[in-house]
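For reference, the structures are reproduced in the following blocks.
Each of the two complexes below includes chain A, the first together with chain B, the second together with chain C.
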Partner chain A sequence: MTNLTEKLPSAGAVLFVQRPLWQRVLLSEYLVVLLCIVYFVAMIPIVPQIASLQTFQNILSDMLPLIVVALGQTVILIIAGVDLSMTAIIAMASVVGASVMTGTGGPLAGSPLATPAGILTMLGVGAAIGWFNGFCVAWLRMPPFMVTLATTMFFSGVAIWYVTLKSTTTSIANLPRSFVVIGQGKIYGIPHSLWVAIAVGVAIHLILTRTVFGRQLFAIGNNRVTSEVSGVPVARRVHMAFVISGLCAAIGSILYTGRLETGSPIIGANILLDIIGAAVIGGTSLSGGKGKVIWTVMGVLFLVLLDQSLKLMGLTLFMVFAIKGAVILAAAIADAARTRLSGR
Partner chain B sequence: MAYLQVENISKSFFGVPVLHGVGFTLERGEILGLIGENGSGKSTSMNILGGVLQPDAGQMKIAGETYAPASSRDALERGISFIHQELNLFPNLSIEENLFIRGFPRPRPWLPVIDRKRIRRRTEQLLDMIELKVPPSTLVSRLSQGERQLVEIAKALSTDAKIIIFDEPTTSLTRREIDRLFNIIARLKAQGIGIIYISHILGDVKRLADRVAVLRDGMLIGAGPIGEFSVDRMISMMVGRSISQLFPGRRGTRTSEVVLEVKGLTQPGMIRDVSFTISRGEVLGLSGLLGAGRSETARIIFGLAPYRSGSVKVLGKTLPANHPRAAMEAGIAFLTEDRRGEGLMMNAPIYDNLALPNLDTHARPPTGWIDRTTLALRAEELSRRVQLNAVDIASVLARNLSGGNQQKVVLAKWLMRRPDVFILDEPTRGVDVGAKAEIYKIVNTLVEDGCAVLMISSETEELIGMCDRILAMSNGEVRATFEREEFDQERILEAAMQNGRREVA
Partner chain C sequence: MPIWVRAEGTKTIAVLFDGLTSEFLVAGMDAMQADLESRGFTMLQAISNRDDNVQFEQVKSMIANKVDGIVIFHTDSNAVIPAIRAANEANVPMVHFNRPPAESDAYSVAVVADNRGITKTTVQYMVDKARASGRKYKAAILIGDLGDVNAIGRRDGFFDAVDPASDIIEVVARIPTEWNADKAFSGLTNALQANPDIDFLFASSDFMIPLIEQVLTPLDKWHPAGDPKHVMFGSFDGDSGAYAALESKHLDADGVQDLFFEAKASVDLILAMGKGDKPAKIFPDPGFAITQDNLMQERDRMWGYSQWKRKNG
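Entry: the complex of A and B
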């Protein structure tokens, strides 16, 4: 590295300028970790209960299903898309899966096959809706925003209608114990859903970083035309990304449905902003080509920490919503600022 | 004091300086020829003058008053019009609508309708000034390139321009259209309009300009009355070296083994009956004007565009149409003319760019699990081979590189596939002279190793320096083939200017 400066021709020189501290902090990958710590410490004097085992356990159990779903969203954001239909997929998988498993009038009531069949059904519903989204986006070249907005409305409606066919109430209860335990069971205080989330996280991490498919997803998000010219089968990859997103929503649905012990059409109704927000807070760019599993996990951590602390402070649900909205907006602004800054 | 004074202008992009302290003056009624290689800073300095870019340092004055345009609108208001190489006209609108698109006059200020009569009258006046004898309501799409150029001039005149910048105005014009343009430029000069004329065609500059300014690597190398500059002197000042130094010799000659065979390629509206072969160790040049069908031919061969009839064969195997991956697997590599839009992921590190077309060849088939070690080693090896002057390929983003280094990244990413056929579409566009010579060297090594190269370039000199054979295309057809012994800049240009239908009309 001795004669480095001599090797650089004048017009080809790359200049490295030491950025001011605030810029380095803003551009840091681990900005969110820093924010979490600062926020946590700042909250201790206001709500001391935040530093309790109970709160930690609450935070963890709130995080797990959200992580699984937000990771699916991350995959879509990486290709510069967006999947608004995840909440509808959660609802649809929940009610259809529950109708297969339920002990009251379900086709497999009481059978030991009920749980595996139910899980497969839920994954199938997720994959199918994801497949349809992907088909429209990848092959019919429709904007993902439009497609997934439409499927959201459609399947949210269908989920409610489906419940009225299968049940006299607004949800489908009496699910097998072996299913419910996935969402709420624990051994030595460690929830089973932790293992599910870890499995999904590791799988997606490996897919994104170590496989041709994953690297090509980043390329598509970075520059679709360049990818095409470089031989990436763009449509096939985009299609598959939406299937993965659908599957993640379905796995999330398994955890949520298990926790609630019922299949409900409104099960994921309020978490859409959390899903996208968590990914963006973590640092995944809305303009595509950037994203990491660990970032999204940290984004989820921050959102859930915020949520818990605000609830501990006794704020109303509406206040919690407003504050979360403001934080996600701030994250989006930070995302834009980072894009601008790193452009200099 | 000169009418326009430009003093000490400097500008950097992403920390890479592209202009250092450039200054020149322009009187009213004077024609300044501005020359320099691609990437020498001509367009940047003109974009600053035209208000598109803002300088980092330096100042400009018009008639002694400070001139610091924040937008091209500001520039227009101060009487500076910029006629770009790619014309800014709406083909689907009429001439008169194009002339007034910036602000249609109204019969009464409060009445939101267009005063068609006034537009018609004014357009007729303007068309008269440029001697274009067509009705003002003619759609621009029905005009030839030369006529469109004249409409652009009329547009400049309509804003009462005091200074008009012409950027390569003749690239897509026929000889007759060029003569007409020059007459009009002379008339504008007589009316006291100052003109900055940018061109690669030095003979034209010699013929038109009163003074010349030469840029190289973002610096003003020399300026003075045209009498002091012969064409030879202009070239050596622009290039900073003689032609023979720029094009290194190539060892080994072409073989008779045909690698790429293109037969009767036809796609209506684009190209017609294009046929040629390229052998191992041969460089075939495609010469022609913008829109002659050169890039279209290249894109069709690589599978980026469909075609109606004909065939493409690599080593005897016919390729499926419209299938870039099949072309890649058959051994074709394609360097696109649009480096930023199609060649690179500007926001990704160099390493990711290098890896992109090579992921499949470095992965285990069923899972697509990438062998990161060999991929990284290959990427390192290739970045050294193309002398990529970047500190760390894993962290430096493509957009922070100079044009030359960016182009080397594109070259390297394809070289990693060890192609049998390499299509180079404008490989040195927007690249400084030093990097140009390096790119030529890389291509030569490649050819010596037996690759067949199809090279497209708008610079005939470059084709003459690099190719074994040159095809001249115009209007989507191959007009002439030149062997090395017959290379002659004038004759190649002439063949490329053959403009069949249009010349007759």
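Entry: the complex of A and C
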């Protein structure tokens, strides 16, 4: 049903269209919040444990590293790109950082510098791979899908090979306690990783909303050609976006590695769909030009809530994959519908 | 079994495997389920798809689900330690199925096959047969991934049996495979090119049996026991392919991880730990060797035989 109210043409004629309820819900910024609440309430009779303090704590701790990584992906999606290499960056940063910090034959074994050096190394790895991805996409004009797919294969393999050089097992353990607490430690039940996630979230929010750089990213995502013509240094901005993505993957790696107390070449190997899916579920558009930190956080919350409920139900792996895949597909379809409805 | 069918008052055991990509793991999950059902317990299952972080999250979910114990088959022996700690903090007993964790201050029990002892028994049968034949042999061993304690145990067990028989058995090839079929294939092919008269062969895992057949057949060396061209052949695991090869007499002996024993022991240990007992961190599965001489008597204990029966009716 459409109500049409039309003011007669004058300077600034305005046309108001009241959308049907389903379109307003679909276009709402609070859709994911609503989904989270509805899903949570629906699950309580089926798995009452979902409403326990322990489950809330599990959801929070599972969300935090994924939020950090998904925010990096959000920046890339805003410029209408994609970064498939984030899981490989997580793995590579994990093993290289662990090899620096490890107390078993590491160069800084037992030293108070082990943890800061390890963290800087991990950030360096993330930034370097992000820089390389950005260089290929921005300056060599290669498709982001192709570049990041190639780098994910390359660095996934390099991470496995690297461990064979540094360890007699399939991972690098004996990491300093001061590093491990970043991923595992809590004070008064609040995990340390929460502060890391908040810092990354605030930083990216400020970049996207308060800087010229951020506005230019949105412009590039909306229309690259128009941006170029308008004087936006598109190549430099795209390059920097990939560096940010690499850094976010590295920070995520710090949290994952600390959590497992181990540098592993297969850490995070299966979370790529979760990373992209969380951003899309939250409302970041695959077409570019649209995204917010809070949307990604809500997307991660919904995905982790869904995941947690499926784990509590004890469903088989195949059912979990099928259900999560269906939800992410539905989110992508919703994104396409929202793009059409909003007239872009 | 999904959570909503859990009966009031029954014990619930979470069984967390990293995958169901091998016959051994599928059979292990089935054996665990059968044992739990026979005791009237409920099983909650989760597969991590070889992702340590996912498995850690699954452990925390099961703890939130207030399970009475967790049986886990992990991917990485270091990365599983935080999961053990989480179970310790929640007073939930944890038992590792077949694969031990790395050494740490966290407490759990691992039911582990005595790889070295089982292999020694298996290869000793082959050595005794070799000695009875009255002739000398040239031997090759296909070794698993040297980062895997199981592979090291099997290698050591092989040499425990073969070294004292150096008067009749000369080891001419030690082939590293890293548990990779392609590496095993090319390694064995090269070894046979360098030493065409290899006639005593041990494979550290039954998954190599098909590729060994592929290598030996064109060289006219794939013949059953009793044939003059038969290559004395032993392996390890106890899968359905090994049973088929034993039945056709191409395989002389196979070291078997007693999967039914390991599944039952895992549950027994969970119950004991739940009562406050603190068993030793390693609970050995003595396993056994199944050979041409005891095939009929021992095959019902062989987990691969039950898989073979299912496939062949």
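Here, the second predicted complex is superposed on the first by the 330 of 344 C-alpha atoms of A that agree within 3 Å, B and C clash if a C-alpha of one lies under 4 Å from a C-alpha of the other, contacts with A are read in each partner's own complex, and residues count from 1 in each chain.
Keep this in mind: contacts are C-beta pairs under 8 Å (C-beta built on N, C-alpha and C of every residue); 3 or more make two chains touch, one makes a residue touch a chain.
Given the structure is predicted, the values throughout are model-derived calculations rather than measurements.
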Chain B versus chain C as contact partner of A:G189, first or second or both or neither: neither
Taking the superposition on A as described, I'd like to know which of chain B and chain C A:V212 touches: first, second, both or neither. first
Looking at the overlay, what does A:P20 touch: chain B (first), chain C (second), both, or neither? neither
Which of the two partners, first being chain B and second being chain C, lies in contact with A:V229: first, second, both, or neither? first
Is A:G110 touching anything from chain B or chain C once the two structures are fitted on A? First, second, both or neither. neither
Could you please specify the touching residues of chain C with respect to chain A in the complex? 1-4, 14, 20, 44-54, 56-58, 60-66, 75-79, 81-82, 102, 146-147
Along chain B, where are the residues that touch chain A in the complex? 14-18, 39, 217-218, 302, 304, 324-325, 328, 334, 336, 341-348, 352, 355-357, 359-360, 363, 367-370, 372, 389-391, 396, 399-402, 404-405, 413, 432, 434-435
Residue ranges of chain A in contact with chain B within the complex: 4, 7-17, 210-213, 215-216, 218-219, 222-223, 225-233, 289, 343-344
Listed in rising order, the residues of chain A that touch chain C in the complex are 46-47, 49, 52, 54-55, 58, 61-62, 164, 167-173, 184, 256, 259-262, 264, 266-271, 307-308, 311-317
